[in-house]
Amino acid sequence: MNETTEVSLKVDLPGLPMKNPIMPASGCFAFGQEYADFYDLNQLGAIAIKAATREPRFGNPTPRVAETRAGMLNAIGLQNPGVDHIMAHELRWLERYETPILANIAGSTIEDYLYVAEKLSQDARVGALELNISCPNVKEGGIAFGTVPDVAASLTEKVKAVSEKPVYVKLSPNIADIVTMAKAVEQAGADGLSMINTLLGMRMDIKTMKPILANKMGGLSGPAIKPVAIRMIYQVSQAVSIPIIGMGGIQSVDDCLEFLMAGASAVAIGTANFVDPFICPKIIADLPQRLEALKLSTIEDLVGRSWKTCVTV
Amino acid sequence: MNETTEVSLKVDLPGLPMKNPIMPASGCFAFGQEYADFYDLNQLGAIAIKAATREPRFGNPTPRVAETRAGMLNAIGLQNPGVDHIMAHELRWLERYETPILANIAGSTIEDYLYVAEKLSQDARVGALELNISCPNVKEGGIAFGTVPDVAASLTEKVKAVSEKPVYVKLSPNIADIVTMAKAVEQAGADGLSMINTLLGMRMDIKTMKPILANKMGGLSGPAIKPVAIRMIYQVSQAVSIPIIGMGGIQSVDDCLEFLMAGASAVAIGTANFVDPFICPKIIADLPQRLEALKLSTIEDLVGRSWKTCVTV
Amino acid sequence: MKQVEKMTIIKHRCIAENIYELTLQGELVQSIEEPGQFVHLRVDNGYETLIRRPISLANVNKKAKECTLIYRVEGEGTTRLSLKCVGDRVDVLGPLGHGFPLAAASSGGRALLVGGGVGVPPLYYLSKALKQRGIQVTHVLGFASSAVAFYEEEFRALGPTYLASVDGSIGSQGFVTDVIRKENLAADVIYACGPTPMLKALEVSCPDQPLYLSLEERMACGIGACMACVCHTQTDPEGSSYKKICKDGPVFKAGEVVLG
Amino acid sequence: MKQVEKMTIIKHRCIAENIYELTLQGELVQSIEEPGQFVHLRVDNGYETLIRRPISLANVNKKAKECTLIYRVEGEGTTRLSLKCVGDRVDVLGPLGHGFPLAAASSGGRALLVGGGVGVPPLYYLSKALKQRGIQVTHVLGFASSAVAFYEEEFRALGPTYLASVDGSIGSQGFVTDVIRKENLAADVIYACGPTPMLKALEVSCPDQPLYLSLEERMACGIGACMACVCHTQTDPEGSSYKKICKDGPVFKAGEVVLG
C-alpha cells in the first residue's frame, strides 16, 4: 500500500496509441489551432477533429447555441471546409504534433460517407476514423443512420471495406435500445465505439416565445447528459468486446474516472473546452494522483470496474 | 396595452377542470399528505398521485436516489401500497380537497394495468387516469410498453375500454421517435399525454467504483432533462390534437412558460418539490404577472405559441 | 411544525479534520421537538447540489433560537457548505423526523449513548436532554482516529465518556462494542447513532436492554413523499411493509426495522 | 496573447437602469491590443451559467492593469454577475477578437462613432484611443430612454456628442441614423456598434465612407473553435465561406459579411 506505484496512463486503442486516455471531442476543438494558442497539443492522448463532409458546408443559420441547466444546445450543422480542404490544410498543420488523430466523418448519403472515409483513411496523419452516424443537426437522413441498427451496420460494413484505418462508430443516445445498436455495428466490423453524441433538445426564448436556436432543435451536451452517457457505456461495454471512447459532460478528473469505471477505455471532452480552454491538460495532470488514491497503476485496471466481478490487480 | 388585463389561469383538460395549469408530478408528491403540512392543496390545479399497482410493492433496494448535475436519479421501483389500499385510504383522505386527481397507474402485465385502471376509474375522487407506460425502474416488461408503439397503443386501447374516466398516457423519453409513439396512443384513444418521464441514467461512486444506486440504473429527472422535454413536447404537440401535460425539470414560472409555449396545455412539477416544498404554490402565484408581462390573458393563449403561426389574441 | 427558513450562520468552525461545527439562528428552532431530529439543508440556490442534505441536530438553544450541526466534509454539498461564512444564510427545511424517545429512560435511570463518527453529533443534544431529566448518561464514542475525534470534553462534562478508535490513536483501540464489553457497561436504555455495521453489532451484543438506533439513508424529499429512504420491517422482512427513515425515523427501536 | 485569469473586481456600480460598470484588475490587461476586443467571462464556477459571456472592453488602463466593462443585466448570467462585489474574482478569458482599426482614421481626420444601447461601451475605449492619436471624434449614441442612458458626460469630454432615444426622453426622439441625417454629420471613417437593425441602417445610409461594424452573436468558445458565431461573407452570401465573429471579428468592414 505504501510503496510508490508507477502509474501509467497509456491506453492502446485501435489506430490510436494514446499516452493518456484524454482527447478533445469532435466539434469542440475544431482542428486544434485555437487550442494550440493555450498549450502544447502533444500533451493530449489523441485529438478528435471536427466532422468532415464531402463538400464544404456552411451549416445552420445562427443562433446556433443556447445554454441550458448544466448543459448547452448546439445546432452547428456540421460546418466544415470539406474533406479536401481538411486534408490539404488542417491535417497538414497537425503534422507538427505527434498526437494521434481520430478523424470524424459525416454525410447525408452512404456515398458521401464512403468518399470521405476512403480519402481520410489514406491520410498518414489519421490514426482512425470516427463515423458520426448520429448528428442530430442534419436534416437529410442523418437520424436514420443513428437510430436503425441495420442501417448503421450496413454503413459501418461499407466504410470498413473502403477504410485503411480502424473505424469507430459514434452512437446516438436518442434511441430506446443502445445495446442492439452497439452489437449491430460491432458485428459489422467496427473497431471501436464512441459514445455518446448529443441528446436532441430545445429551448424557448421567453421574450420572443420562439425557439432560441434558428434550427429550433439542437444537440444537448455538457454535465446534464453525463448520467445518460454513463448508463449507456455501462450497458454497452458489457455487451461488446470492442473498446469504447466515452464522452458526455466530462468536466473533471472524477468524471473521467466514472466513465472508465463504467466501461470506457478512453474519454473525450467536449463542451468543457469552451468553459476552460485548459481542461484537457488539467485533467491529464490530475489523473496520476487519482489513480494512486484508488491504488491502481494503469488505466486499464479501472476500465469496467463497476461491473467486472474479478479483476487482477 | 395599459388597461389591466383580467388574467385567467384556468385550464380545462379531459377529466381535469383545473383552476391553474400547475400540478405536482406523479411520484414526487406521494398522495399529498406530506405537502398538506406546508400549504392548502386546494391551491393546486390538479394532483398527480403516486403510481398504483395491483398488489402492494416494496420497490427496489436502497440507495434509491443519487444526485447528478442539475438533476437526480431515482430507482424507487414503484413502491406503493396497492390499488385497494390507495382507494380505501389515500383517495379517501384526499376527499377533503376539491383539486382534481390524476391517478397514475403502472403494472408489469396488461392484466395488471386493466385491473388497476378499471378499479381506480370507478373512484369518484379520480378525475382521470395517467398510464405510466414508461417507468424505467421496473424490470419485467415495463420498458416494452414505453418503447414499442404497437404495444403502447394496444395497452391504451384496452385501458380505454375498461376506464370510466379519461386516460392520459405518460410517455418515455428513452425512445428514438416520440412522435410515432404519441400518434399511436392518440389513435388508440388516449385523451391526453403526459411527457416526459425520466431518462434512464446512472452514476458511479468514485470511492467504491460501483454504481451508487442499488438498482444500478435509475430515472434522471430535474433541470438537466428540460431541453429534452421541451423538444419532445414541441414535436408531439404539432402532431397530435390531444392535450399534453408537460413535465421535466420545471423549477420556476419561466420554465412553465417554456413548456406552455412548446405546446403543453398544463404542467407537472416533480423533483422541484423536494428542493422547495412550496414550489407549486409559488409558481401559481407568479403566473399572473408573467402572463401580463407577455400581454396574454389566458393560459391557452400561450399554448404552442412557439410554433403556432397565427394566434388570435 | 416543519418549515422552510433561511437561517443565519452565527458560528462556523472546523473542530477536527474535515469536521465542522455550524450554528444557525432562526425561528425554526422553536419547532424542534426532540434530540435525534434532523434538518434538511439546501447548500446552494443553484444546481451544483440540487437536492437537500440531511444533518442531525447536535445542539439546540431555544432561548437564543440557535441550533448547532456537526458535519463531516464528505462530497460536494458538505464541501460547499464548509465554505459558508458567518452572516451567510442557509435554506433549512426542518425539523424533520422522529428522534430518540427521552421517556424510555426514567429519572434516576441510566442511559448509555453509543456513537460512531458523524453519528456522534445527535447524541450530544440527546445527552444534554437526558441529563436535564435527571438521567445518568454514559457515552461510548468511536472514531476512526484522534484526528477526526471531536466533542470529547463536551461529553465528559455530562457524564462518563469512553473513547474508541480504529487505529488506537485515541481511547482504546477497537470498536465501541469492544469498549462496552470490556468496561461491562450496563444501562436501562441504550441510544445509538453511527454506521450500520456498528448498529448491527449493538443489536447483537445488547439484546437485553431497550435499544434505540438512528439510521441513515440517501434522501431526496426528507419528509416522506419520495420513498427514497425506506427500510423493511423486521416482522415482514421480504414483504411490502416498510418504514420511511425520514418520517417514521430516523430513530427506530431495535427489532423494528431491518438494518440495511 | 489570449489567457485565462481570475481577475479581481476593483469597482462595480450601477450606472443606469440595469446597466453596470465593472472594473477588473489583472495581468491580462497587458495583452489587450485594440478597442473593440472583448473578454469572455465565466460568471459562476458552477453549472448555473455553464458557458462564458462575451462583454466588450469599455475602457483600459494598462498602467493600473485595469479594464472596465459596461453591461446590461439581460438574463441569468449578467444578473449573477451584477451581484458580485469588490474583491471578488471573475474568471476571464481574453482578450479576444479583432477590434476597430485605428489606422483607418489618420491624425487630424474625423471619425464618427455610432453606438446603440449596450453597443455604446466599446466606443468609449475607441474614442479615447482615437483622440490620443489626434483624431477628431464625434459621437452619436442611441438609447431606448434616458433611464438606460449612460456615459454621456464621458463622451462629451472627448468630443461632440449627440444623443437619440426611442421615446425622446433624452436627446432627440428617433434613431441614430435620424440624427446623422438631421445634423448632417460627415466623417472620414465611421465606427459603429449596436443592434443589427442599426448596423444595417448605417450600411444603407452611409455608403460612401469607410464603415466598421462590430457584430454580436451567441457564442460558446469565443476563440474560433466551436463555429457558433459564424456569418456569411457578402461575396458568397449563400455559400460555404464564412467569418467567425469571435475570431475574425467582432469588427468587420461594412460589406465584408452579411448582417444577420
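Note that the chains are named A, B, C and D in the order they appear, and that numbering of residues resets to 1 at the start of each chain.
FYI, a residue touches a chain if its C-beta (ideal position, glycine included) is under 8 Å from a C-beta of that chain, and two chains touch if they have at least 3 such contacts.
Composition by chain, UniProt nomenclature: C, D = Dihydroorotate dehydrogenase B (NAD(+)), electron transfer subunit.
These numbers come from a predicted model, not from an experiment.
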Which chain's mean C-alpha position is the greatest distance from chain C's?
D
Cα-centroid distance, chain A relative to chain D, in whole angstrom:
36
Need the CA-centroid distance for the pair chain A / chain C, whole Å please.
46
Whole-Å gap separating chain C and chain D, where each centre is the average of the chain's CA atoms:
56
Using Cα averages as centroids, what's the distance between chain A and chain B in whole Å?
34
For chain B, residue numbers touching 2 or more other chains are 68-71, 222-223
By the touch rule stated above, which residues of chain C touch at least two different other chains?
47-48
Thinking of each chain as a vertex joined to the chains it touches, would you call that graph a line, ring, star, complete, or other?
ring
By the document's touch rule, what are all the touching chain pairs in this structure?
A-B, A-D, B-C, C-D
Complex contact set, residues of chain D against chain C:
44, 46-48
Along chain B, where are the residues that touch chain C in the complex?
27-30, 33-35, 37-38, 50, 55-59, 62-72, 74, 76, 79, 81-82, 212, 222-223, 271, 273-278
Using the touch rule from the top, collect the residues of chain B that touch chain A in their complex.
68-71, 73, 143, 147, 174-177, 199-204, 206, 209-211, 216-217, 220, 222-228, 230-231, 234, 249, 254, 257-258, 261-262, 294, 302, 305-306
Would you pull the chain C residues touching chain B in the complex into a rising list?
1-2, 4, 42, 47-52, 77, 93, 217-232, 239-242, 247, 260
